[in-house]
Amino acid sequence: MSQSKSSGGNFLEDFSAGQILEHATPRTVTAGDVALYTALYGSRFALQSSEIFAQSCGLHQAPLDDWLVFHIVFGKTVPDISLNAVANLGYAEGRFGVPVYAGDTLRAVSEVIGIKENSNGKTGVVYVRTRGLNQNHQEVLSYVRWVMVRKRDEASVIEASPPPVLAGHVAHESILSRSVPDFSNFDCGLSGEPHRWDDYEVGEKIDHMDGMTIEEAEHQLATRLYQNTARVHFNQFAESEGRFGKRLIYGGHVISLARSLSFNGLANAVKVVALNGGRHVAPLFAGDTVFAWSAVQDKAEIAGRDDAGLLRLRMIATKDLPCATFPESDDGKGVILDLDMWVAVPR
Amino acid sequence: MSQSKSSGGNFLEDFSAGQILEHATPRTVTAGDVALYTALYGSRFALQSSEIFAQSCGLHQAPLDDWLVFHIVFGKTVPDISLNAVANLGYAEGRFGVPVYAGDTLRAVSEVIGIKENSNGKTGVVYVRTRGLNQNHQEVLSYVRWVMVRKRDEASVIEASPPPVLAGHVAHESILSRSVPDFSNFDCGLSGEPHRWDDYEVGEKIDHMDGMTIEEAEHQLATRLYQNTARVHFNQFAESEGRFGKRLIYGGHVISLARSLSFNGLANAVKVVALNGGRHVAPLFAGDTVFAWSAVQDKAEIAGRDDAGLLRLRMIATKDLPCATFPESDDGKGVILDLDMWVAVPR
Amino acid sequence: MSQSKSSGGNFLEDFSAGQILEHATPRTVTAGDVALYTALYGSRFALQSSEIFAQSCGLHQAPLDDWLVFHIVFGKTVPDISLNAVANLGYAEGRFGVPVYAGDTLRAVSEVIGIKENSNGKTGVVYVRTRGLNQNHQEVLSYVRWVMVRKRDEASVIEASPPPVLAGHVAHESILSRSVPDFSNFDCGLSGEPHRWDDYEVGEKIDHMDGMTIEEAEHQLATRLYQNTARVHFNQFAESEGRFGKRLIYGGHVISLARSLSFNGLANAVKVVALNGGRHVAPLFAGDTVFAWSAVQDKAEIAGRDDAGLLRLRMIATKDLPCATFPESDDGKGVILDLDMWVAVPR
C-alpha cells in the first residue's frame, strides 16, 4: 500500500526562504462569479455593475470587483500556505494590476520571503509575496501577507530568515496611471453620489451607516466560490471542539462586506489600486451584524491626470456596533477589520 | 470638515410632485443573474429556461424572467424612494415592455406623481411612476407604486399633490401584441403541461400545492442581487429592536416564490405582460413556508393573434397555510400577497 | 369548473413497462450554473475550473462538472417519476457521454423498464432508464435508477414487469476512448497533485480528511438550481409532521459534496466516466457535517491510450464521522453514501 494520497497541508517545517509555490487550480472567472459576488455583498459600484459605464471609462467591458480578484488569488494560496494557519496576521505592499474581465483565467504564484519561529516553539510566522496572473501572464495583483503556522513537530529546528523590510504603505508616486480608468466622462448621476476627489478632505470621517447580518450559508458559499479550503470556515463538527466553538468567517468576507457598505459615502471610489496594509482585529461569526466607517488619511494627484485622483482610506469594520461615533481598534470590543488602501476617484 | 458624504435616504419633505429621479446604479444583467434566480426560486417556465424553446417562440435568446426584471428595476429605486419607507402600499398600471436578455444594461427613472400627508403628521404617502430602460432607451417595464414614508421632522408642512386617478387594471386592449412571443410552435410536451388558453375558465381556481420554506440567507442573497438596500431586510442588530424583532423579507421575494410555485397548474403562462395591482397583505419572515393559489379572473383575446391569449390572474400567497381551500385575504391570518396580473398563454 | 390544472405527481398505478416519459423543462446551462456549483461545493478539479486547462486536454472549453450534468438531468425526471417516491433506492449502468458546455441545452427522457409491487400493498418499485440529451440530440448521460413509489389506492392491482438484469458494474472495455479527454499534456503542477494512474493501487484507501457542514439554504439553492421539485427538500411546514420532522437533503447534494472533498487525494481524477452503482445509505440533514473517503477497487487501461487510465472508485460519505478509520456501510451509524464509479486519470 502506498502512502496516503491526501494531504494535511504544509507546516512550518515545510517552508524555506526563496521557495516558489505554484498554486493549483487555475480558474476561469465568469459572469456567474460576478452575479454571486453581487448577491453575497450587494455591491453597487457603477464601474463593475455596468458594461456601458465601464466602456465610458475606457475599458472594453466591466471589470471584476477588485476584492473578488483578491479573494480568488488568495483562495489559491490557502492549500499550500495557510491550511494549518493559526491566524492571518497582516498584509502589505498590495497592488492591483491589469483589470480582470469575465473570461480571464487566473492563477497564483507565491514566494516565501521570510520565516521566523515563535518563542513558544509551537508556531512560527511565514511571509509570502503572492502574485495573481492572467492567461497572458500579466499581473492582476500582488501582495505580501504573513500568517502564523503550526509546526508539525515542536522539536523541529527552524532555519529563520527574516523578511525584507516592508513598506508602511504603497507610495502614491509608484501607482501607475494606467491602473486607473479614464474618468473624464464619469457620470455622477449614474454612479450614485456627486462627491468628487476635491470634495474629500484629509481627516474626514464617513459613517457608512448600514449594517448587514451574516449567515453561515452566505460565508460558506463565498469562501467556496473563492476555492478557499481553510478548514475553520466549513467544519462545525471539528470547530465545535475548537477555540471558538463555531465556524470562523473568512476575513476576506469582512473586507467585501465593508467595501460594499462603503458605497454610502464613497460611491465614486470605484477602483481600489493598492492595499497598504490591514489587520483582522477580531473574528466574525454567523449572526453578527457588520458595520463600517472610513477615514480619508491622505490625498494624492496622479501625474499627468486631471480626471482622477487618489484617496488613501482607512476602512474600519465592526460587529454589532454602529459606527456613528467612529470606533477605533483600541476602543475595546467591536472592531473586526482595520484596512488601509488607495482608491481612485474622479476629479 | 465637510458634511458627511453618506446619506440616510429621502424623507417625505424631500419629494415634490413632478420631480424626476434618475436612479443609480446601471446594471448589466447576465447568465449569472439568471442562474441565481433559478437557484433562489426553482423557476421552470420553458421560455426563460431554454434558449432553444425561446427561439421556437421567435425570440433570439431566452429572456430574463419578468419578475427578475421587476426586482432589478425596483431595487434601483429603493435608495431614493423607500429607504425610509414604513410600508410598500401598492402597485398599479404595471406593463412589461421589450424582453430583457443577458447582456442588456438596465437603469431606472421615476417621476413623483402624488404626495399626501397622513393625518398622524408623522408619515405620508408618495406615489411614483417608475420606468426601467435598457441600453437602447427602450422601456422594459413601467409601473406605479405608492409607499408610506416617514417625515424627517413632524413639524414640516407638506405640500400635498393628489395622484392622478389610477386604472383599476390594465385594459387588455392596450396590451401590445408585440409584447407577447409567438406561440404558434409552442411545445406543451417540453413546457410541462397540456393546458392551453381555451382550457382555462373564468372563475377557475388552481391550488399550486407545493410549499417552500424560506431561509435568511436566501432572501438576503436575492435582495442583494437586486441591489436593493432597504435596511429592514439585512440588519438583525437594528431589527431586533424593531417592530417585528426580526428581519423582514423583501415583498418581491414572495412574488417570485409564488410565481415559481404557480408553475404547477400554470406552466404555460410563460409570459407576464401586465401588473394590474397588488398588495403585500402581511409580512414574511425566515422560517415561514410559502404556499400559493391562483384564480382566473378574466380572459381576453389578442387582436390579430390566434396563437396566444391573455389570462387575468389573481395570485394569492400564504404562509404556513396550504391553499387547497383557497384562502382569501379577509379570511384571517395566513395570506401574505394578493397580486393581479395579465399573463400570456398559448392557444 | 374544469378539473384542477395542478398535479400531485404520478403514483405506482400511473407507470407501465415500456412507457416513455419526455420530461419538461429543457434547460440551457450557463457559466452562472457553473459558478453556483463552485459556490455550493468548492470544487477545484482543473479540467472544469479552467478554460485553458480544458483546452490543453483537447476540449474547446471547460466542460461542466459531471455531477452538475447528472443533477440537472435527474432534476427533470422528478416531477414525473419521484414526486411521490418514498425512497431513491439505487443506480446502475450510468455512463457520461459527450461533454456538456455552457450554452448547451439539456433535456431528459426516461423509459420505464420494470415495475414491482411491494408485499405491503402500499408501495412498489419503479425502474427507469433515463437519458440526458443536448441540443444536438447527443447523449450526455444515461443511467438506470429505481425508486419506491406510493400507490394512489391500496386496492389497485399492479401489473408487474420485472426489470431487465442490470450489470453489477459498467465493463471498462465498454467505456469509449472518446469520453476521456486527452491527458498527454496534463499539468500536475496546475491540477494540484502529482499522483498519476500508475501511482494508485487496487485496494488503496484514501481519507479525504476535510469536513463540510451543510445549511438549509445551501441544499435548497442547489436543489432548486437543478429544478428538482421533490417536496421533502423544501417544505418544513409539511416535514415537521413527517418521518424525520425536518427537511431531507437531496441525495445528489451528498454526491457532489463527497466528490468535492475527494479532490484531496484524487485531484487528478478529473473526469467521471461511469456510475456503476450507488446507494443513499442514510439521510442527511442541515447541520450535519459531511466527510468522505475512497477506495480504489480496480484499475483498467483504455485501449489505444497511454495518456490516461481508469480507476474504479468506491466513494463513501459519512455524517459527523471523520474517515481516518475508513468506516464501512455496515459499521453502524455514520455512512450516508456508498457510490461506485469509474474515473479517468492521467498516466
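Order as written gives the chain letters A, B and C; numbering starts at 1 within each chain.
FYI, a contact is a pair of C-beta atoms (placed from the backbone, for glycine too) under 8 Å apart; a residue touches a chain by one contact, two chains touch by 3 or more.
Just so it is clear, the model here is predicted, and its values are computed rather than measured.
Taken together, the touching pairs cover every possible pairing of the chains. Taken over every residue number at the interface, the positions common to subunit A and subunit C amount to under half, indicating a different-residue contact. Taking the mean of the C-alpha atoms as each chain's centre, subunit A and subunit C sit 36 Å apart. Among the residues of subunit B, those in touch with two or more other chains are 30-33, 35-36, 102, 215-218, 221. Put simply, subunit C touches subunit B in their complex at residues 1-2, 4-8, 22, 24-28, 30-33, 35-36, 79, 102-103, 105, 107, 135, 215-218, 220-225, 227-229, 231, 234-238, 247. Interface residues of subunit B, counted against subunit C in their complex, comprise 30-36, 38-46, 49-53, 62, 102, 189-193, 195, 199-201, 203-213, 215-218, 221, 264-267, 287, 289, 320, 322.
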